[in-house]
C-alpha cells in the first residue's frame, strides 16, 4: 500500500454503470516523509476521507475488494486514514 | 484510476477472437493539471468517449470487468468522462 | 494495451510444462508515434504475428486469458495486428 | 518478490473493516546489495517481522493470499525474513 | 515475460507457511541484448535453473500459476531456460 494525501475530487456524470454512488477522490502519493512522489491518481473512497487527510491506498485487483460490490472496475481505493507513521531511527 | 485525453483510434483487423466489436482508443495519460505524463496507451472504450474528451481509465484485471464479457484479454478501459476536477487549495 | 513491434523470437527447451506449443516473440514497445520506449519484452503470440509486424499487447492476468488454456503462467500476449493508428490533430 | 528492510509502522484507527488486526509496517525496498531503491511502502506483516529486519515482500493479488482472509484489500505483504542472500561471483 | 540471469539464492527460515520447499533465486533482469536492466528480484524457481542460467520470468498473478499450489503468495517465477534469442535485423 502507499501513503497519500487527498487533494481534490473528480466529478463524472457519464460513466460505467457499476460506478454510481462511488466517490472518487484525487490523491497525491507521498513518501514516508510525506513528500509528494509521482502523479496524483483517482481513487475510490471507502473510509469517508476528507480534504487534506493523510491516507493509505491499495491498488490493482485489491481496490475492488474494498468496495461492497467487487465487480466494479476500480483499480485504486483509499482503505485507511493514517493517525501516525512511526519511523525507526 | 488515471486521467487521460482521447487522442486517436487504433484499427486492427486481425485480432484475438473475443475482441470483435470492442472500440480501441488511443489515450494520452494526464496529470491532475491536465499535463501529458508518460506514453499514450490503447484502451477499450465503455462510455462512448469521443476525440479530445477528458476521461478516466482503469487498468489491470479491472479493465476487463468494465466490458460485458469479462473474459476478454483487455488491460485498460475508459470508464468515465470527467466533468470536473476539483483541487484543494 | 500497448503498441509494439515484433523484433525476434525466444527459444526455450526446458520450461514450465503448460507452455508447450506457445510461441514466444520478442517485442519492442513503441509509443503512438512508433518510437521505441522501454525494454523489449517476451510475449506469447495469439494472432500469428510475423517479424516487424506492428502489434498491440495485453499484460498481467489478461495475457493468459488470450490463450486457449488460461492456466498458463504468461504475463504478456500479442492480441492484435495493427492496421492503422489514427491520431487527432 | 523484492527485498526490503522494516523501517517503521503505520497506525490507522479509521480503516476498511476487513483490516482489523492486520499489522502494517513501513518497508524500505532494497536492491540485492542492500542499498535502498525507490520509495518506502506500507506492507501487511505475516511473519512477525521486527524493526530493521531484512525481509522479502510479495505484491499485487498475491499479498492478500498471504493473509488468513484473502478477501482483504491488501496489495503488499511481508512473507519471509531473510537469513542469507548468496550472490554468484 | 522478461529475460533474466540467475545471480544468487535467498535463504529464509522464517516465512509464510505455504512457501516451504519453494526455491527462491535472485535474478538480474536483462534486456534483449543481455544487458542488466533494473534491480535484481527474488523469484520462485519452477525449472531447476542454476547459477548464471539465462531464464525468462513471469510476474504478478501468473507466477503463482506456475507452482503446483497456486495459492502461494508468490509474484515472480522462473518458467523457462532460454536456449536462443533470435533478433530481426
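Here the chain labels run A, B, C, D and E in written order, and each chain numbers its own residues starting at 1.
We adopt the following convention: contacts are C-beta pairs under 8 Å (C-beta built on N, C-alpha and C of every residue); 3 or more make two chains touch, one makes a residue touch a chain.
Just so it is clear, the structure is predicted and the values come from calculations on it, not from any experiment.
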Per the C-alpha means, the centres of subunit B and subunit D lie apart by a whole-Å value of 32
Determine the centre-to-centre distance between subunit A and subunit D, using the mean Cα coordinates as centres, and give it in whole Å. 19
Can you list the subunit D residues in contact with two or more other chains? 60-61, 63
Does the chain-touch network form a line, ring, star, complete graph or other? ring
If you start at subunit A and step next to subunit B, which chains follow, in turn, all the way round the ring? A, B, C, E, D
Subunit A residues touching subunit D - in the complex, by the definition given at the top: 1-3, 31-32, 37, 46-47, 56, 58-63, 65-66, 77, 79-88
Across the complex, what residues on subunit D touch subunit A? 6-16, 18-19, 24, 26, 39-43, 51-52, 60-61, 63-64, 71-76
